[in-house]
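The two complexes that follow have chain A in common; it is paired with chain B in the first and with chain C in the second.
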Partner chain A sequence: MIGLYHPVSSPVHRARAGLKLAALAALSVLLFAVPTWPVGIGALAGVLVTGLGAARLPARLLWRQVRPVLPVLVLLLAYYALVSDVATGGVVLLRLLSLVTAAAVVTATTRVGELVAVVEWLCAPLRVLGVRPERVGLVIAMTLRFVPVIAERAARIREAQAARGGSARGIRAWATTTVPLLVQVLQLAHTLSEALDARGADDPARRPRAGAR
Partner chain B sequence: MTTKDLAHVALFAAITAVLGLLPGITVGPVPITAQTLGVMLAGSVLGARRGALAMLVFLAVVAVGAPVLASGSGGLGVFVGPTAGYLYSWPVGAFVVGLITQATWTRYNLAWALVANVVGGILVVYAIGIPFVPVYAEGVSLTASFTGSFAFLPGDALKAVIASVVAVQVRRAYPVIETPGRVSSAR
Partner chain C sequence: MRLRRRTTPAAAPDGPVTTGAVELRGVAHAYGDRQVLRGLDLTLTEAKIGVIGANGSGKSTFARLLNGLALPTAGEVLVDGLSTATQLRAVRRRVGFVFQDPDAQIVHPTVAEDVEFGLQNLGVAAGERAERVTEVLGRYGLAGHRDHPAHLLSGGQKQLLAIAGVLVMRPARVVFDEPTTLLDLANKRRVARVIAELDQHVVVVTHDLELLAGFDRVLVFDGGTVVADAPPDDAVAAYLDLMSGR
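After this line comes the complex of A and B, so read on.
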């Protein structure tokens, strides 16, 4: 899930992360401001040319990102066919398809670290409110790191319970898995924060300088 | 905000992301995603401020393009879609869940947990999410948006029950919200 970055060398990969995010935002504004067939088809074609051509991404990688959205798209088209007409539905569909593909292209061509740096840059004006941008970056980095850890812990707890013959179902099954999982990961977060503090995360002045270890 | 608070915020943002990876439970014709369970748990376990921040961080992670929303979608596109209002409602919902949880913390039990999760996790989420649908999906009336949301009610009620049962037990095992006037047992 996190390993969506596809490491090849291309102009799209080398482009600044902020530029790519700005382009993504601009595309979404355009698609909503001008909901017509030519714009929708043009956007999707443009995104595909950028992704498959310029960024040299394998088609399979983009397909994996788009596939989970397809059921939603089918439902939406059915809805529009019922309440208005298929043409309106088609434009909405094209818009969603273009945006999902474009987001997948940005994600596959940009390292997480670069994206986090953009978020830190965007948060810089919040400094006046007492927000420390580098801590925002830290939280986002921690979140991305926590996702596979939590998924792995959950699987381990479920296995352990199955091994002891646990066969709870419904609400009880949710509670018996979620409570130990939450306690485990809360302890993990506590240990992690102590480790970070020991390395000076709470006070940048105390942080060991790079190369000093 | 201590580093531990930041780690807790990141943790519940990540839990919400993991809940999106679970296959939806199907109740009747509508697939229910588990993700609003994250909203309820964040408020119930972390309280108002950290719970709301956890949801804001989750939305930031979605915005930077991680496909952590249910069905693997993500990116900036979801913030302008017809169901975007439901996303915007999550920080507010977690905040309200947390407010009620903190206000009733000393006598917190399953009943109070249910009140907190139903008000913050369902009422607030619907109140913000429903009016948003007609803004983005041309031709869908507010009434249709309102009636349509009822399809999600059984699933959301179930999630409120699960979140409440879990919250009561986690409070006993590893309380994170500090009891006023007493040293926290969460260390």
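After this line comes the complex of A and C, so read on.
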């Protein structure tokens, strides 16, 4: 999700994140409610025109998102061919392909922050239950931020162990990297909590993000 | 420039008239039973103050006292007349803090969003936030990286991002705890230049003695107290002297 944003200027990029997510939801409802060839073909064509045309995304970028799910789609087609018929399977395949591509278009044209803002907006009614939507948003943003950081630290620990001749594999390798990684993560978390304090995360003046609607 | 900064409401949103000093009165700090700082009586008025000393001598704890990340277990710390113990929020708004490890202080996945974070916390309106983010990214050579994932930046760029995220909040003072330790020589110099050019008063904890060139005053810590307090050359000489005996 991170790094999938493709920064060019287009009407699709400028469209509100909430609108894009709502369109995505509407598309999936339509595809599941009306599982026919014309709707499937129309949807995929519409998504491709939006993504490649209006949003000026490179075909390569969409392909990279779609490729990993292709084996699943092929299996699904085979399954339908066995239990019912290829045509039904084709509609299902088209439907999923449209949705995966549409989701790729949304993530490539929407900044993480805008998506998080929508989540904050959706959580706003939970305020009455004492939930702080901006906190939910911050947690999501921090998760996206720290997944690659922690992955990188894990890789560095593994390298350091390999450099000293460590050759543990499987479960043993996990154990030997997990402990030092845990130590690093705890230290990171400690500094992070201080940095949040120092940067005023608890200040009551805090305002919602730009684009929260 | 300096005058304008001091008097804009953003720099001192709710502070009283500045007395222009950080004062430590009879300050001590203990973690549990462990006394790590003792007998600190200091008045800091200089623009550039360095802090050096051996590992474990209490430098980071001292730095953290200055914006209330740590509170004194005896005595008091006053920042422009505000007590870190009783007026913590006002002190935090006044004193920015940059840590050694940039990875631990960048909280948002992309560059511009991270810089904006502190401004949201200050309650700055969206339009002004956008302007200030753009200005500060330009100043630190990050304008071309606005929407880039923070984890793809180089170590030096990450530290500049961390500094940008603090300076965009326009604190009156900035405390740095070993800001150059993880950087290569070119990036060390770059961060040193950024610090040298700041309008704000700074306190810089460092093991990088080169960073202290041009500083007004350097404190040498040992065993939880200040053992030398002098201009850089004299302080560094005292520090080297201290270390040569170990």
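Going forward, the second predicted complex is superposed on the first by the 201 of 213 C-alpha atoms of A that agree within 3 Å, B and C clash if a C-alpha of one lies under 4 Å from a C-alpha of the other, contacts with A are read in each partner's own complex, and residues count from 1 in each chain.
Criterion: contacts are C-beta pairs under 8 Å (C-beta built on N, C-alpha and C of every residue); 3 or more make two chains touch, one makes a residue touch a chain.
Everything numeric in this text was worked out from a predicted model, so none of it was measured.
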Which superposed partner A:Ala102 touches (first chain B, second chain C, both, neither): first
Partner chain in contact with A:Val183 - chain B first, chain C second, else both or neither: first
Touching partner for A:Leu144 - first (chain B), second (chain C), both, neither: both
First, second, both or neither for A:Pro38, with chain B first and chain C second: neither
Touching partner for A:Leu196 - first (chain B), second (chain C), both, neither: both
Touched partner set for A:Gly165, first chain B, second chain C, both or neither: neither
Comparing the two partners chain B and chain C, which touches a greater set of residues in chain A: B
A:Ser84 touches, of chain B and chain C: first, second, both or neither? first
Partner chain(s) touched by A:Pro7 [first = chain B, second = chain C, both, neither]: second
Footprint overlap on chain A, comparing chain B with chain C: 2, 112, 138, 142, 144, 149, 187-188, 192, 194, 196-197, 201-202
Complex interface listing, chain A residues touching chain B: 1-2, 4, 21, 24-25, 28-29, 32, 35, 65, 67-69, 71-72, 80, 83-84, 88, 92, 96, 99-100, 102-104, 106-107, 110, 112, 115-116, 118-119, 135-136, 138-140, 142-144, 146-147, 149-151, 154, 171, 174-175, 178-179, 182-183, 185-190, 192-194, 196-197, 201-202
Touching residues on chain B, where the partner in the complex is chain A: 1-4, 6-11, 13-15, 17-18, 21, 41, 45, 57-58, 60-61, 64-68, 71-77, 80-81, 136-140, 144, 158, 161-162, 165-166, 169-170, 173-174, 176, 187
Chain C contact footprint on chain A (complex, rising order): 2-3, 5, 7, 111-113, 138, 141-142, 144-145, 148-149, 152, 187-188, 191-192, 194-203, 205-210
Residues on chain C engaged by chain A in the complex (per definition of touch): 64, 67, 69, 89, 92-93, 96-97, 99, 101, 103-110, 113, 116-118, 120-126, 129-130, 146-152, 165-166, 169
